[in-house]
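So the structure is just underneath, and the comments pick up after that.
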Amino acid sequence: MYGLCPHRYFPLAQGKLVGDNIQCGYHGFTFAPKGKCVLIPSQGTGSGFVQPVYRVVEKAPLIWIWMGDQALADPDQIVDYSEIGLSQAGWRNSDPLYFHLNGRSQLLVDNLMDLTHLAFIHPQIDGGAAIVNTKYIYEQKGATFRVTRPMDMPWTGFHDFLYGPAVRFEGISRVESVTDFYGPEFIRTGSPVTIAIEGYDAVPDGIGLVYFLHGITPETATTTHYFGLSTRNFRLTDNGLSQALLEIDILTREQDVVAINLVERRLQDAVARQQELLVKSDTAAVRVRGIIQGMLDKENLSNLSGEQGCGSIKASGPEVGD
Amino acid sequence: MYGLCPHRYFPLAQGKLVGDNIQCGYHGFTFAPKGKCVLIPSQGTGSGFVQPVYRVVEKAPLIWIWMGDQALADPDQIVDYSEIGLSQAGWRNSDPLYFHLNGRSQLLVDNLMDLTHLAFIHPQIDGGAAIVNTKYIYEQKGATFRVTRPMDMPWTGFHDFLYGPAVRFEGISRVESVTDFYGPEFIRTGSPVTIAIEGYDAVPDGIGLVYFLHGITPETATTTHYFGLSTRNFRLTDNGLSQALLEIDILTREQDVVAINLVERRLQDAVARQQELLVKSDTAAVRVRGIIQGMLDKENLSNLSGEQGCGSIKASGPEVGD
Amino acid sequence: MYGLCPHRYFPLAQGKLVGDNIQCGYHGFTFAPKGKCVLIPSQGTGSGFVQPVYRVVEKAPLIWIWMGDQALADPDQIVDYSEIGLSQAGWRNSDPLYFHLNGRSQLLVDNLMDLTHLAFIHPQIDGGAAIVNTKYIYEQKGATFRVTRPMDMPWTGFHDFLYGPAVRFEGISRVESVTDFYGPEFIRTGSPVTIAIEGYDAVPDGIGLVYFLHGITPETATTTHYFGLSTRNFRLTDNGLSQALLEIDILTREQDVVAINLVERRLQDAVARQQELLVKSDTAAVRVRGIIQGMLDKENLSNLSGEQGCGSIKASGPEVGD
């Protein structure tokens, strides 16, 4: 439901639930789940007013909201959880994380679609330097966009940390770093996927997958709710690994938050002074910007895009529940 | 006097009084009470410059300022203190209170003219629920506007608190909750006035009156000085009641400040998105908005109304002295 | 070098030096001292891009930067250090000071060119009242502007503090308070220079000179870096005097910072309401404003002057090094 009461624009989140209805905390205007104003206490009746509501799909542990044109809301666009290891048999979800960005959502999308920053702002990720200069393979399917970075890589300290020394191998492995964008606005990154190891017939089971999930919900034109989770399909009962992975995940996302906040602070002025220098590694980010803009245009909402603080209306994305 | 020195725009309030003149704290420019610049120390003389001054009337314990067109300043518009119990024989004034609002003055006027919020944000006022749904009687006389809400009410915990158990009655009383707006910008609210008690010949003297006084002085277009006082005509020597009443008064006004600050924060954006939903209980607030706008129009100041930070010039209202 | 990476507008100051090059802390874009982008790690090569760089002259203990048109950068404009006692034989530099102003640089220039504020905001400067009302002698030479204020003065407490009682004299001395503006943007003020003492053949050597140096570097259109130093040519080994002088210098500059911040906060609104009242003592400030504006016009940068936050580009001034 749109967050401000139409009477005096008081935030409904400061009200309370009365049964399934929400009661505004100022004058008690009460709205039913579909938005209908069912009680104005001072009149003892409801009114014909209907508060805007947005299509929400609860799919544990996430809640998905579509804040655009409701006619275009399509639950089939929600990422297939089996693609991201979320709440799947044989997989383990991490604790949910939340960060508040003082930056527009595009800056987080840019960050995640171009991982060449790993070596520079995430020094804790051993082996991150390998991702700096790779080939790129791009695949678009509707509002979904994948960038695959194939690399050759030896066993690193990060392998040790993730998989343990028991499955250690000698020689070079073929890995792929994959980032998937699911139109607006969810991203899956992950540890490099080991495809083949030189001199081995197959990749050992113990060298599994870790996915880092990024739920991006614009709050205003220049601030963003950033939800995080990770999933993995190995060492499922190893709580020590869960804890260590959570810590490295929090640290990494916090570093991105700091960088994005620094960029946002003077972005408008900076863009006016100097044209953005785009390079090869930006291809995925630029393609994804185009996908999002295309969806906005489709809704005829593009004319609002320059408006101050209007992000929360046209934004869509997940919200982490429990 | 207008608050910024015309020389370097330093706030005169940071200066000091030299006799009856005010000396700017930066370069010592000195202004006589009527605004004339009587000394520029670096020249050893005054200048022809006259700083704007505003009509002020000191009427203890309040100071009244008229910041609009001085030709329209009319001291007879100041509320008759006998109507508000202020500094009257047989009445007691509370200590003065001050609050700073991060919200436009209109939000406070709206709040006070529509008391149906009592049950929702002031839970400490026992019996507040009775005011939610009443009849309304409106009376306008010039820039004064009264809304009366007649109600039937039993003895409540709030009666106990105010009048003490000695005058407790059984049965239902007829009460009126009265709010008076005195054009710009002073409001009197009060405890419900007991008019008649079922089965009694007269209302006992001990069931007296409490008036809550609200002095509203716009500071900028989106911030407001909020002065408070209460007066009562019973239990005059009961210091315990004075203290308890002061505490409940402070709590109540602070709750209003919190609500108003929450509304102001995103108001401009909210109004652009969604038209205000006005209901019956807003009638008084809307009438009073009209009175204020009418006075502004009369001064040909309405063309300034959209201007950032200009509230302090066209604002009028009381300032609490001692 | 312009401070934001052209790729994602990340602040280069958050990066690190790799040899003589600066490497952006986000994606590792690396720039050579003359601005050339010599490495984009994700491409393994540089690019044709050249980041704007500014002419810098290191002249201990200051670094001078020219942020305007590089063709107009003229190191000969840098103040001759022998005129300001900086790093000269027979002189002693104080520790360097730094203050951040929430005010436009012009307010600091105005402040320093018109010392009639001494008596009002710097009460710790004994004898400051003498400067309030003096004659003025103006001299302009290119971008340099001098105002001299000749005064008659007895020995004061400030003389005692600076020179010690050993050189105390009776009677009246002729002094000159001199402020020199060196186009953009460096100012020298100083203790009054004793020219002659009634009844003495010569001014004793012990009555030397103290210069207060003010390096003014605009940060944005409404904020300023303010660097400070003092120099003196007497009691050179007296560490107690150095410490006491430093303390009075910090206090004095902080008082100016407070005043300027107060003025800036509502300046835009204030200027719109009321025309600036200029008086005789503003002559120097107004002349210097004209010199600065003339230099800006010469660079055809004047069309940028109304632009939000653009001060840092067109700004020039010193930065204190060590």
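Note that the chains are named A, B and C in the order they appear, and that numbering of residues resets to 1 at the start of each chain.
To be clear about the criterion, contacts are C-beta pairs under 8 Å (C-beta built on N, C-alpha and C of every residue); 3 or more make two chains touch, one makes a residue touch a chain.
Here the structure is a predicted model, which is why all the values come from computation and not from measurement.
Q: Rotation angle, chain A onto chain C: superpose the C-alpha atoms of these two copies and give the value as a multiple of 5 degrees.
A: Here the rotation carrying chain A onto chain C measures out at 120 degrees.
Q: Since chain A and chain B are copies that touch, is their contact same (over half of the numbers shared) or different (under half)?
A: Mostly different residues form this interface, as fewer than half of the numbers used are common to both chains.
Q: Can you compute the centre-to-centre distance for chain A and chain B, using the mean CA position of each chain? Integer Å is fine.
A: Those two chain centres are 48 Å apart.
Q: Indicate the residues of chain B shared as contacts by at least two other chains.
A: none
Q: Within their complex, state which residues of chain C touch chain A.
A: Against chain A, the touching part of chain C is residues 2, 4, 6-11, 14, 23-29, 37, 40-44, 47, 49, 52, 308-310, 313.
Q: Under the touch definition given earlier, write down the residues of chain A that touch chain C in their complex.
A: Result: residues 107, 110, 114, 116-117, 119-121, 132-133, 259, 262-263, 266-267, 269-271, 273-282 of chain A touch chain C.
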